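Below: a set of structures, written as structure tokens.
In the two assemblies presented below, chain A is common to both, partnered first by chain B and then by chain C.
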Partner chain A sequence: MNDLDARLGRIRGDAAPRPHNARTIAALTSNPGCARRAIMDAAGVDKPRLASYLGFTAPFGQSQFAITRGNAFEAQVKANGCAELLRLLREQLGLPIPEVSYDDLEEVGGQRSPLVRHTSTRSLLTRAARAGDDAGTLFDHPLLRLVVGGRHVYLEPDLIAFRLGGRFHVVEIKSFAVIDGQADGDKVAAAAIQSAVYVLALRDLLRETGTGPVDVAHEVILVCPENFSNRPVATFVDVRKQITVLRRQLSRLARIEALVDLQPPGLTFDLELDDAGVPHRPAAGLADDVRAVPARYAPECLASCEMCYFCRDEARGQTAALGRAAADELGAVPTVQVALGLAGGTITPADDQAEAAALLREAARLRQECLGATA
Partner chain B sequence: MTTLTSLARAQAVATGMAQPVCTMRHVHLSDRPLVLVPLVLAGEANAPLAALVGDDPAAGRLLVVSQPRNRDRRFAFAAELAEIVVSYVEGYYSSVQTVPGGRGQDERTRFADAPQVLVPNPACIGFVRLLGRSTRFRRPSGEYAVDPAVPVLGRWLSFLAERAEHPGSCLLLAATDVVALHWASGQSPVEDLNLAALMGWVSPPAGMTGAEAAAAGEDPVTWPPAGPATDPTFDNEVLARLIAACDLPDDDARARHRAESALQAALAAQVAPTWRLMWRAIDLLRGMPPGSRVAARWDADKDAFTSYAGYLRDDGPPQPRRDSAVAAAQRLNWLERAQASYAAQRALDDPLVMAEHRLSGEAFAGPVTAAEPGRLDSSGKRRKLRPLITVVTQDSPRIDQGATLVSPSRPSQQARVISVSAAPLQPGPLQPGPLQPGQVPAQPALVQPGPAQPASPLALAPSPASATAASAPALAARRPLAVVLELAGGMGRALTPEPGSVPEPGEWLCYTTLTDSYQPQGSFPDRADTPWTHGGPPPEYVPADEDASEAWS
Partner chain C sequence: MESLERRLGELRAEVRRAAASRDAARVRALRAELRNAERDWDDALARLEDRQLAPGDAATSRAPLRTQPDGSGVAVVAGGAATAPGGGPLPPARLAAAPADGPLLPLREQVHQALTLLDVPTAPKLLSAVHDAFFAGEIPSARLTSLRRDEERSFRSAPFARPYYLCAALTAELLAPARGLLAVSTWPMDRRVIGPLSPRVNYLSAAIRVAESFLRIPGPGPAAQRLLWRFAANIPGAADGTRAMDPALVARAARAELEVHADDDRQTRAAAAARARRQLDDAEQLFGSRLQAVPQAGASGE
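So, the complex of A and B:
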């Protein structure tokens, strides 16, 4: 493991590893086949900075309006010891919560260090689990820990692990609206997978401390504004599927060694920062090193990965860059050049290309017939 | 998407220009469409920020909400938008046309034309739907009274957004959808959602390739997002400051006016490029000839428009928040049938769309090599005119013997597949005799060719080539196929066909299994008989005060 750590450290360079959070862990599930991304994530490479340095600044910005609204909504739900949230849980989800204790774990004895906060979270949750009765207990700003790629990552659920009916529940507060019972599918999916990260971390915590038989519910509680108002509404979201996917991804990441061994020995994404933090590495050499690790670019990366513009530029001319449908149609045909060669009959298809080649030739004949010589 | 489209995308990459995937326009374009480019405030639930709207490219009207979190300002925006949209929509009330009734029905009248709203992308259709949802329940009286036009706007927007889900409807269209329907760009469908990039591929400025123009189109500084979401950098660096500056006490009217002008100018600069792009896309599409079935689909839109206008006139309640179980099932059934019919209509109109079906084996085309126009089928009580023709095709139809086909150019005539076999090397005059069952290969073409039947004049001596064709449907060395078809209908009533009603040798024809014929509607219970599995009969909708005064914050 030390070997691997050293190797990953070399790949990352001098910069401190960029810590994971629930969002980046969730993102691991979106393109599992991409070696470039797996290695960068395992090594804790600062991908946004790397992409910018290579001249491919990631297209992800967050509007301050969205941040303000998110914070205001969260504050509203949590105000007065989560009074609003308790009302929701009682009235909308019909949960019996006879009495409530509320613990804020943002600071522990004036300390905000992750380790102190995590230790305190751990002891509080363990105690609550052992208490055995159904006293509802809210924990604000708990700090959980998850092993990602052999390294501890601290995670802060929006709010709360919540003890209810003998089980803990993760509550996720999001500021996107649920309108007439429906919300934006992509946003719900993102919230679900982030919550699944917390469920996993919480389960790990309980297992480590040997706290049984208390479990963490696979149904997380999603709190969103209702319709066009600021009034919160709570819904259960089943994240069993997301948990399975995450587990698989995390165990894959634990086997990162095999993937690292495949890479050239001198590989590094070091920016060669000087003492003032200014990078000095020539971008061309860095780009060569990035290209040495194979990526699996798909247009879906544009929504989730900071390296997407770099990889898209690199994938220009490949059929995969034309979208999933085209990539499926042209399965064994790697590039546009080959596709056109097969269609025009100037390239002899390999065995696995025979079917695609025949279709392409037919397609070329039909397009020519319908469009004349221009096609 | 088929290999044909994928190939077109590949060609677009290689040539640096979008490639056509249609030879004609499949959407109706109004002479006077209403273009709407909306922007919303990030983080809020469809809080309008600005809109550029109008039916004249030279005179779009910019509406701005100077404090998007203020409810009154939002409703003022809704009222202004209502004035434009409702008067545009109601402008189509002025002229009616009479249409003959269908079977056993009286003739009826409908509006001679219908409104058409064009927005940049599908997310903007979502904006229309949500703005409709947030305004249609409002009331012009009582607590939280709004401008009387606001609930009317809400109903029309809801109507338009609902129609936008109907395949083939053109009342509300997203420009990226329409452009991508007609051209394949050299990028992925995900990237095609950016109107500036897509238009870059389709009509790049002089001196640029499509790929270069598309890359330029992704720069949010020159091409701000086409809405409804704004560019986060613009939000943080420009918008936040300008909105804060508008938040002045009322007494400083001049400073406030200055601040609002600055905000208006900034937002105008965000929507203006998209506005120009919208009209460029419209001009581009107007340059294409419409398909022959476009007008009939627009007639259906006119019917829907007329019907909803009548419903509003009769004070019908606003669209429910959610469909009842029965209404939802009916609607889904309707959408499925409309989808199938729309796909068939486009293929029947457009040879290049039909080519996709030829590639997948649902259609074939080729020259007629033999015809027996006077053939009579005397197997029944009465003799019937059933000419035979042979079409030789390079395509690989996966069509069963006995299947009924139609040709786009002869829609009133059915053709039954008699046989499919490898074409003779030198297609000579075929002399097919009267049909005798069992004489033809009984197996579906290409799956397994029928055994050779040398005694039959129909069986054209399947050669080794036909076996190759069967095992590997589309290999290069494949011989063309000869398809023998028996025709019925569209030839007059006599036992000799009317001149020109039977295809002649040399004529090029396409035949397909696709039909646009009437598909019966599924049967659904009455609303009052909704089964308990679906929640039982839903309660009647009673407009509630709560709906009208719903928070919009």
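So, the complex of A and C:
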């Protein structure tokens, strides 16, 4: 493991590793086949900086407006000892009236250091798990910890874990609207996978402390504004699938060693920063090193990876850049050039290309017919 | 006095002309001048009355003449501010504390009024809403962020120099300042301690106080109705869907739920308050003790 750490450290260079958060952990699941991303994430490379140094700045990150809106809605739901949230939980999930205990873990004795907050979270949650029903219901901003790629990552959920019927539930407050019982599918999916990260972390915590049979529910409670109002509404979201996917991804990160061994020995993404933090490494050399690690670009990367523009530029002319559906159809045809050749009959298909070639020729014939008729 | 009235007339005409020619900057400047003149006129009138009335009556007759500081230039009767939250007359100290030439009560007085009405440690947002509902205007909540720090500085430089301080509520476990809550230093320690059940207990107590104040004032405005509605929506049995909102029902429902939590909460608070009185010095009792950043100190409670 130390050997691997040293190797990853060399790949990262002098900079401090970038910590993961729930979003980046969730993003790990979106393109599991990409070795470039896996290695960069495991080494904690500062991807936004790397990408902009290479001239491919990604217009990335959450909008300031979205963050402000999210915080305001969260503050509204949690105001006055979670008054609105309590109403939701009582009305929709049957939380008993006496269960109103509220613990604020965002600040412990005026301290905000992660270690203090995590220790406090741990002791409070364990006590609640052991003591039965009257030891805590709502825990505001607990600080959980998860092992990612052999390193501890602090997760600060903008959520509350609470006890209902002897189980812990993760509550995720999001500011996108649920209109007529329907919400944006992508946003729900993103919220679900983030909550799944928290469920995993909470389960780890309870397992470590050996608190016995108390369970963390695989159904998380998603609180969103209802219709076009600011009135919150709560729904259960089942995150079993996301938990499985995440667990697989995380175990794969732990097995990063095999992946690193496949890479050239001198590989490094070091920007060669000087004391003032100014990079001095020639961009061309750095780009060569980045290209040495195979990537698997798909248009979906644009939504989740800071290196997306670099990879898209690199993948130009390849069938994979056309999206997963097209790439699947074209199977063994690597580039658009070859695909055009096969369609036009100028290239003889190899054995494994025969099926795709027949499809392409058929498509070319249809196109010819259509355009020929109008022309 | 006559010259003042003449000046007022001229100023009003000038404001109207500037507004007609859409000169916003000039309108603003003129209106500021107009407000000053109006204030001078108020003071002159008060002096006139003072000469004729007994000094005790002067204070009460002057209060309704205060103008609103919101820049509207319209004299608004700040009647709500002249009666104390409990319904009785204001303590004379408070009127005396208001600067004679300023129309506005100092921020800490406004906060004190709202806190006295609610009688529990409260977050700035709710304080602002309560002040808007039952007193004159909203408190800009941005200004409340530094208030507690200012009060603490004032107390530490000259302890107990003021009749009251706006201070922190203390968390029951660590006796540290609770995040984002304001309290009054004259309250007993039990009331300023926040245990796990206290946020809900305080919320319900605040609901009762708001409902009672709602019944007491004549013709409650939309801000007060909105405030009461927000309480009613989150207390089981407080809002009877079909009927119009009933403050008595809100108070009754809040009392019913309060009964469930009150005993446990009282015990936690009393224990923590006793501990606070024993362990903390004067300043810490008001503003809380903070964990020191010593690694061995740990944070797993006591």
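Worth a mention:
Criterion: the second predicted complex is superposed on the first by the 360 of 375 C-alpha atoms of A that agree within 3 Å, B and C clash if a C-alpha of one lies under 4 Å from a C-alpha of the other, contacts with A are read in each partner's own complex, and residues count from 1 in each chain.
By definition in this document, a residue touches a chain if its C-beta (ideal position, glycine included) is under 8 Å from a C-beta of that chain, and two chains touch if they have at least 3 such contacts.
Quick caveat, the model's predicted, so the values are computed rather than measured.
By the touch criterion stated above, A:Pro19 is placed in contact with neither chain B nor chain C. Within the superposed three-chain model, A:Gly341 lies out of touch with both chain B and chain C [touch as defined at top]. Of the two partner chains, chain C is the only one that A:Asp103 touches; chain B does not reach it.
When the shared chain is aligned, chain C comes close enough to touch A:Arg117, but chain B does not.
Applying the stated contact rule after C-alpha superposition, one finds that A:Ala83 touches chain C and leaves chain B untouched.
In the superposition on chain A, A:Gly317 contacts chain B only, with no contact to chain C. Once the two structures are superposed, chain B and chain C can be ranked by residues of chain A touched, with B on top.
Chain A has no residue lying at the interface with chain B in one structure and with chain C in the other.
In the complex of the two chains, the chain A residues touching chain C come out as 75, 79-84, 86-87, 90, 97-98, 100-104, 106-111, 113, 115-117, 119-120, 122-123, 134, 136.
Listed in rising order, the residues of chain A touching chain B in the complex are 59, 61-70, 175-177, 179-181, 225, 227-231, 299-300, 302-303, 316-317, 319, 321-326, 329-330, 336-337, 339-340, 343, 345, 354, 356, 358-367, 369-371, 375. Here chain C touches chain A in the complex through residues 123, 125-126, 171, 174, 176-179, 196-200, 202-203, 206, 233-234, 236, 257, 260-261, 264, 288-291, 293, 298-301, going by the rule given at the top. Contacts from chain B toward chain A in the complex involve residues 1-11, 13-14, 19-20, 23, 41-46, 130, 133-134, 186-191, 218, 230-233, 235-236, 239-240, 321-322, 351-352, 355, 358-359, 394-396, 472-476, 550-553.
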